[in-house]
Structures are given as C-alpha cells and as structure tokens.
Amino acid sequence: MKAAAGWLARRLGFYVIAAIVAVVLNFLIPRLMPGDPASVLFARFQGDLDPEAIEGLRKTFGLQDAPLHEQFYSYISALAHGDLGLSVAYFPTPVSEVLGEGLMWTGLLAGGAVLISFVLGSSLGALAAWKKGGPLDTVLPPLLAFLGAFPYFWLAMLAAWVFGFQLDWFPLRHAYADNLAPSFSWPFIQSVISHAFLPALTMVLVSLGGWLLAMRNTMIGVLGAEHVRYAQARGLTPRRILVHYAARNALLPNVAGFGMALGFVLSGALLTEVVFSYPGTGLLLLTAVRGQDYPLLQGLFLAITFAVLSANWLVDVVTVALDPRTRT
Amino acid sequence: MTRIFTSLWKSRQARVGMGLLLFFFLMAFVGPFLVGDPLAFDGRPLLGPSAEHWLGTTGQGQDVLAQTVVGARTTLLVGLITGSLVVLIGALVGGLAGTLGGKTDDGLSLLINIFLVLPGLPLMVVLAAWLPAGPVSMCAVLVLTGWAWNARVLRAQALTLRQRDFVAAAQVSGESWIRILFVEILPNMTGLMVSSFIGATIYAVGAQVGLEFLGLGDLGVVSWGTNLYWASNDQALLTGSWWTFVPTGFCIALLGFALTLINFGLDAVTNPKLAHPQRVGPTPFIPSAVTPSPVSRAAKP
Amino acid sequence: MVVVAQEQQATWIRNFNPLVPTSARWPTSAGVYEPLYIFNEATGEWVPWLATDSSWSEDATELRFEIRQGVRWSDGQPFTAEDVAFTFNMMKEVPGADLGGVWGFLESVVAGETQVTFTFQRPYVSGLQAISQQAILPEHIWSSIESPLLEQNPDPVGTGPFTEVSTFRGQVFQLDKNPYYWQELEVEALRFPALSSNDQASIALIRGELDWAGIFVPAVERTYLARDENYQAWFPTQGGTIFLYANTQVEPLDNPKVREALSLAIDRQRLVEVAMYNYTTPSRPTALSDGYSDWEDSSLKGWTDFDAQRAGELLDQAGLKKGKDGMRTLPDGSELTLSITSPAGWSDWVRAVQVIAGDLRNIGLDVQVKGYDFSAWYERVGRGDFELSLGWSEQGPSPVPMYKALMDPSAVVKVGEPSFRNWHRYGSEKAAPLFAAFDATPDPLEQARIVNALQQIFVDEVPAIPLFPAPAWGEANHTHITGFPSAQDPYAPLSPNAVPACLLVMTRLEAK
C-alpha cells in the first residue's frame, strides 16, 4: 500500500511539473510571437477604459514594459486567483465566464466516447485473440484500421448528413433540446444521450481499432503465459479462463494507456464538436481562433490541459486499484 | 534499407499498402499536370458528377477532381516533410537519452513525457493561431506537437541496444558517445525509424487536415484540408452536394490506411516474434501508449 | 413565441449593452431599446417611434423632437424627454459610445417638458438620421453606471417590446414581452437558439425550427421554399450595395486607375451567379440599388462592365508590369501581394472573395484570401488594417449617406483609429462642398442636382468598387406565426438584420 501511495505521489509530481510547463508555455507563446491583439481593444475603447482596465489588459496580453520575470509574477498571481483575463470577442466578459459549461460538455462527450470505445474495443480484442484466426479476427482489424484512418470530423460530417439531415434520426446540434432546462430528470438525460449519440459514435468508430488491436495482442501474449496454461490444465471452463485469467491480465497495460488516449480523443472531440455545434470547448476554440480572441484561446488551452492532466491522474489511481503489481 | 524493402514485399498487406501509396505519389506529383487548374472557375457551382466534371464542381464552380488531385501534393508534401523532421528530432532526442542514460536520460524523458501528456490539438491551435498561415508554420506546429511520440519509442529502443554486447564493447574501448550514437545505435534502429516515419506521416496528414478544416491553414492553397474547409463553408450538407467532401475524405482515409498497412508489414519484419511490439508514432486514431502490433498475424495463422 | 436566428454564435454570452454593438446580443437594439424614429427601408418612410413628431428650425441648425407620452420603461418608470437628453449627453462624455459620431455636428441637447431640442454646430439636414436611430437609455439606470462601455447589462431595462430575460443558457435565450409596453403585442416572447454557422442556421430553418431568420440560404427555391408552403423568403435588393473596398492608403491601391482596373477585372455576372445564386444583379456604374432609381443618373458610363483586357492595360499604364512568372510587380520591381478579407462564417461573401481573387489573379495580381471571424474582421477593416475587403454601404432616405461614407473627407480617420464607415480612407475634395450644400438645403430639386453631381464624382474618382446590390436576407415560417411582411405586403423589411426597422415587424406579429 505504501509503495502504491509513493508511486501515485510520484505521478502527481510529474503532472504538476507538466502543468507548470503548460503554464509557462502559455505565458511565453503570446510574448514570443508577433501580433498585437490588445491594440484592437485600445483602439475601440480609447478614452473610456480607465487606466486600471488598460493595465489589466496589458497584463493579459503581455504588453507590459516590465521585465519578463515581473510579468511572469503578475501573470501567475492572476492565474492563482482564477483570472484568465478578458475575452476579446465577448468583451468585456471575463474568459473564465466564457469557458462556462464548455469543459463539462467536452468532458462528457470525450470521456464517454473513450470509455465506450475502450470497453467495446477491449472486449472485441479479447474475443478476437481467443478465437485467433476466426472470422472476427480476420475481418475486424483491417476494417477498423480503415475506419480509423478517416478524420474524425469527416466521419462526423457524413454521419450528420446521413443520420441527422437526411434520415432525421438524431438532432444535429447542441447538447440537449433547447426547450429543456438542465435537470436530473429522465427527459433531460434522454435528450443529452440522443444529442451526444452521433458525435460519440464517430469518435468510437475512429478509435475502436486501436483498442481492439492492443487488447488482441496483449491477450495473445497472456494466453500463452504459464498461469493460463495451468488453468487450462486444471480443467477450468474456457469462459472462466477468458474472463478471469486472460482478459483481466491483458487489460492492465491498456488501462495505463487510457489516460493518454483521453488526450487524443479530446482532440478529435474538439473537431467533432464543431461539426455538431456541440457546446463544448471545441466550438469555443474555433470561435477564439476566428475571432483572434487570444485571451480566450490561452484560457482554453490551460483549462483543457489541466482537465487532461487530472484525468490522467485519476486513471493512475484506477490502475493502482486494479493492479496488485503496482502496489508492491 | 533494401533489406527492409525486400522483406516488406513478402507481406501481402505491405504490398497493398505500397501499391496504394504509389498511387497517391503519382496522383500528387504527376496528377497535377493531367488535370486543369484547381482554382479556375470552369463550371456552374455545385454540379453533380458528370462526364465533363467527373467528381462534380465545388460551391465556387471549381473542378472537384482537380482540387482533390492537386490537394494531394500539398498535403503529402507537408506530411512527408513533417514526418521526416519528427523522426529526425525523435531520433536525436530519443537516441541521446537512450545512449547517455543517467541524468540526461531522466531530464529528456521528463520532457518527452510532458509533451506526450499535453493535449495536442489545443496546443497546435494556439501555436497555429499566433503564427502566420502557410506551409512552413504548419510544419513547425506539427513538429513541435508531434516529436515526443517518436522520441519515446526510439529512446526505448536505444536503451535496449545499449545493453547489447557490441555497444558495451564500444563503450569499454572508450569511444565517444557521439560516435556510439551515430555509428552503433542509430544505424541499428533503421527499421524502427522507418516505421516511426510512417507513423509520423499519418499523424502529420491527419493533424494538418484537422487544422486546415478549422480554417487555420492558408486558404489560398489547395490541399485536402482546405478542400474540406470549403466544402463545409459552401454548405455541402444543406445542398446535398456530397461530392464536394466525399472524395477528399476517402483519399485521406486511403492514404492513412496505406501507411498503416505498410507499418503492419514493417512491424512483422522488425519484430518477427512480437515479443516487445513497439508502437510506431502518434497516429491520431490509435491510443498509442498501448502497444498494438501487426494485423499480419490476424490475416494468416 | 417567435424563434429567431440573426446572430451566429457558438454560445450565448449575456450582454445587452447597446453601446458595445459588437458584443451585445441582437435584440439589444431590436427589441429592448428603441429609437426616436425608425426609417422603414421598404416604404422609404420615417416612422415616429419614441418621438411623435419632429421639426427643423428655418436655418436647419435646430431639430426639435416631440416625445411620445405614456411610454414606460420595463421596470415601470415613466419614459421622459430627460432620458433622451441624458443618452446623448452621456455619449458626449464617453466618446467610445458615440458610434454615429453625432457630437461631430451637435452643439447641445436640451430636454424640455415633452420636447428635446438638438442644436447643431452648422446646418445639417442629415443629422436627423443619425440622431433619430440612436437607442435611448434610461437615465435612472445608466446615470449610476461608471464605465458604460464595460457594462454587460445582463438585465436590461428598456422601452422595447421584449425586455424580460426569462431564460439565458449557453445554447438558448429568451426575451419575454415588456409588461409595460406602449403598444399591443400579440406574441409572448422571442427565443434565440445559438447557431454557430450559416450552415447550422440554414438547417434549422429548413427543418422548421425557426420562425424568423435573416440568413443567406443557398438555392433557396430548392432547399427551403419547396419543402413547405408555409415557408417564405424575401430577398429584396433595394437597400445598400456590396462593395469591394480598396484601402487607398496602401500602394498601389491609392491610384484610382488601379482601382478602376480591379473593378474592370471582376466578372460581376459570374460573381452574382456563383456567390449569390443569382439573388441579385451586377451593380450599376453609380453603385445605386433599385431603391434609389429616382435619384439615379442612368446616362453615366462607368467601369463596372467586365473587361479584363482593359484592366490589364490600365495596370500596365500604372507601372504594375508583369514579371517573368506572369505576376505583376510594383513600379519599383518589388513583389506585389494583396490580401482580400471577409468574415469567415459568411459563406456568400467568402465565396465572393474567392471568385474576385480568381478574377484578379487572371490579370496577374497575386491575391490571397483571408477569412476572420466577424468581430475580428470588423475591427480590422475599421482600423484600416486591410488591403481589399468586402463591405456594405450606408443606407438612408437618399443616396447621400452612401456617397458621404464613401468619399466625405471629414469622415476619413487615420489608419489605426477605428471607424465605422469609410474603411477605405478616401476623401474627395470636390465632393465635400456638395455634402455641405445638401445638408443645408431642404429643396428637393436642389438636392437632386447635388446627388447627380455626386454620382459623376463617384464615377470619376473610383473611391470604391461596387459589386452588386445587397439582398436583404429574410425568411419566415408561417406555421406558428403570421403577420410577416412580404413582397405582396411590404409594410417593412422582412429581414431581422434591418435594425431597428425589425421593430415594425415584431409589433405586428401574431401567434396562430
């Protein structure tokens, strides 16, 4: 148990360092690149912004004349108070306010898609390995590799066109029906599911192949391992061996990859959201890019990074809970 | 290299992949001379496929076939250049970390792992938004966000090689680490570097198309990503003009598929026993931290 | 309840500050706050709104408005002449709020019992338009707000028909009717789903999810009207004109011959077909749309007919010779690259700039297309940070506002300073006295003579390049709501983009 706690602490330390790197990158990128977004605001509000507001904007955009380390200090202290500056596109709304629910919807969509894809892909992979050379094992991997080669958003466009627009089976935009107020009622949950279905489906289709192959290959290794052969020799039912011995052991390395996959699927989710007008961070990212809303862009990057890092650490915790070996 | 190629040729999947790849190379580098100007307005907008325009016209009345063919060139070029740069950096950083070991390895590994865990697309978008649009910026952004995968894989390989006798012998005989890295380690990782290059190219094509779709590329250039951007801008869904986005999408998928197939074949060559299957780069669609290995064994017992 | 689509936003941000139009939600000036008069573009009439009457002094230096009695703010407070005076005097204090630049000609604004008197620095007939369209704010709320431009005004208090924010979420918001509104209202609320792009908005429209919209719909007959007999679309082209603005502060666009060449190089027939689905027609030489045919001097021959060869000759004469690669260079031989911009989400405009860029490439000009999100684009063109851009024109009861915005020297600001008109920074010394003369005369014959002279100057000096009259996008769905204007009953423009004229529609709509 002690070893596990130590390992988790080390992982946490690593994520903290990664977070610091992200913060520093976020600080440096706007200061090293050309471009002067603040002038946009100064120009529009000349004469009316009080000196404090202008100073605040200058800080946000890194336009102070102060030496870099002082700028960094004020940047960090603003960040510590959750102050990400003012959005340009939605001026004068603070970035933190614009971020709003976005992260939650992206998390729901990306998290849900990863989870479904992981469970489904791993199960199929285990089956494929179990019946090695069988129909499942011959057809699925190349097919899924082909599907996996499509850009997320392209499949999303196709799905939106066929199932949303032509067949009208699923809604084409938003995270829930506009006439519902968010609540923990069944109609609302149902609405959330039907709105997330198509975007999630495209993400699952694209990422399924990776999980299947990963599971299949580790599974083949595990099936050859001694304790599995021993179990077979003991005359346990194949089903029991598959579920209790082989699949369980083969799953562990995949769980470790789960956190990493989140980052990837998140990238896909951002693009898919754009196609489905899903009110997550992807759509905001696009708004920020098109509107040259740099403060919002920086804020989004930080928020998404922190979310991914936290998710990774959670996965580590789950890994420890599942895997006795990391505890020793 | 020849050795790798001849053994690759034995794999049916790799042959299919290489055939497809050859097709795309022809399309990218010869095709543009066979089709018309992709930016010329030589038809009414949004015409369906016909004898005159085999794949119809775009919302601006440009020939979809010409755009798809010419788009292959930009996309493939950016993909290949990025792929090479990514492998180069990956080999240097990974090789260095693996060869030197110790504190250097700890530091570089930390750097690699941090870049692995930072979400790629938002970082790309932030960078691409600040840089002026164009192929050079695009490459820079893709390299900066994509090098870590290869560095990780190549470091692991370098680390393994370091344990081998011939490297140990070289170390004992007092050879400099630079010589060890370039003479003993890197040449012995060619297979892995080739597969890393392929993986990195898949990644670069996918990420590039994604960024361009968001409008972060140079809209004046014809590429697969901008084709999809325009299709979406011209309301392809609403007008039911599927021909404006289906051909490009299929090309992207087929190219990715071809490269994946080659890599499957390559994995079988470099790792016949699949004892320690290595992932080959940050393909955006395969959760790469886990280690899937070739399908080749699935196809044949 | 009327479901409306006018803005395209990924997510709604609660801002109802009429002084910051780029950040405020559309109903801010179209439902919440109201002006003194509304100019009805469909009929060419001035409709008294918060004022009931107006009168000029003999020398056109004093304008007096009679304020409507019995109007109340949505919090129940009475609306008075003081509110009107307060609004204008605040705009003097806060220059950033004076979007129409009224203090450029105003001397003072004084409230009487039921009247407000505007005194001008000089005779200025056009002042009526700028003053009467200003949204009026309640003094009892805004007098205590310290930085009016930084206010988000989440719970607005206005005199308009729809003021009560009953729902506000990222993907939808709703304004219920003002309990104290001064007219009868037949609909209960306006509702706004967040639609992030033209595509999303058109799809929602086609599926009958919207009652009222002002969006470009491709091939509207086939994609929209054919689906349901309750669907209506009306795209009149009587208002403004879409221009290609060439920044006259940038070499070589400062040369009128170069601008003329650009204009000749554009195949407008193709342009309206490809970019506008033939919803409009190529611009006339005078840039005037159908709505101003009474004013037009149709004898003028300009440079709006497609003639690529002549365009090439003009560029050669201007010293922009073709290099070895077939692309033209500046007279000193240095590279010449022009960028052309438009808001990224406006698919019709984006297509138009593509076509124009293609046409210009054909005469050897290296033209790059750049798309920005609307607010970013708006900031750029406003500051003069562009080379070529699509843009709209000013509209008004006469062609003068348009020409004034195109070439009045007093409307020209330095590059880098924001401007809401004359983005291309062009001032014509010949036209300046004509504008002054027009503003000082109420005589229609004299006005017509002046407008004729302005058209001649426009054709001579090429301040900007007219492309086509702008269709006013308006779509309605009569399934749940009736009372929309139409070509048969053109009591007002159908388009909700016509702010504040859409107030005329809102107050006429009825739920079925």
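In order of appearance the chains are A, B and C, and numbering begins at 1 in each one.
Everything that follows uses one rule, which is that a residue touches a chain if its C-beta (ideal position, glycine included) is under 8 Å from a C-beta of that chain, and two chains touch if they have at least 3 such contacts.
Fair warning: this is a prediction, and the values are worked out from it, not measured in the lab.
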item: Pair joined by the larger number of C-beta contacts - B-C, A-C; value: A-C
item: Chain whose Cα centroid lies nearest the overall Cα centroid; value: A
item: Interchain centroid distance [CA atoms averaged], chain A/chain B, Å; value: 22
item: Length of the line joining the C-alpha centres of chain B and chain C, rounded to whole Å; value: 47
item: Centre-to-centre distance between chain C and chain A (centres being mean Cα positions), rounded to whole Å; value: 41
item: Sequence positions of chain B contacting 2 or more other chains; value: 215, 232, 237-238
item: Residues within chain A bordering two or more other chains; value: 165, 274, 286, 289-290, 292
item: In chain C, residues with contacts to at least two other chains; value: 203, 344, 371
item: Complex contact set, residues of chain C against chain A; value: 9-11, 13, 15, 20, 22-23, 94-97, 147-150, 152, 167, 169-172, 191, 193-197, 200, 203-204, 207, 344-345, 371-376, 379, 382-383, 416-418
item: Complex interface listing, chain B residues touching chain C; value: 39-41, 44-46, 59-61, 215, 218-220, 232-235, 237-239
item: Chain A residues touching chain C - in the complex, by the definition given at the top; value: 39-40, 43-50, 53, 87-93, 97-98, 100-102, 165, 168, 172-176, 178, 181-182, 274, 277, 279, 283-284, 286-287, 289-293
item: Partner chain B, residues of chain A touching it in the complex; value: 14-15, 17-18, 21-22, 25-26, 29-30, 33-35, 128, 132-133, 137-138, 141-142, 145-146, 148-154, 157-158, 160-161, 165, 206-207, 209-211, 213-214, 216-218, 220-221, 253-254, 256-261, 263-268, 270-271, 274-275, 285-286, 288-290, 292, 294, 297-298, 300-301, 304-305, 308-309, 312
item: Chain C to chain B touching residues, read off their complex; value: 198-199, 202-203, 206, 217-219, 223, 270, 273-274, 344, 347, 350-351, 354-355, 357-358, 361, 368-371
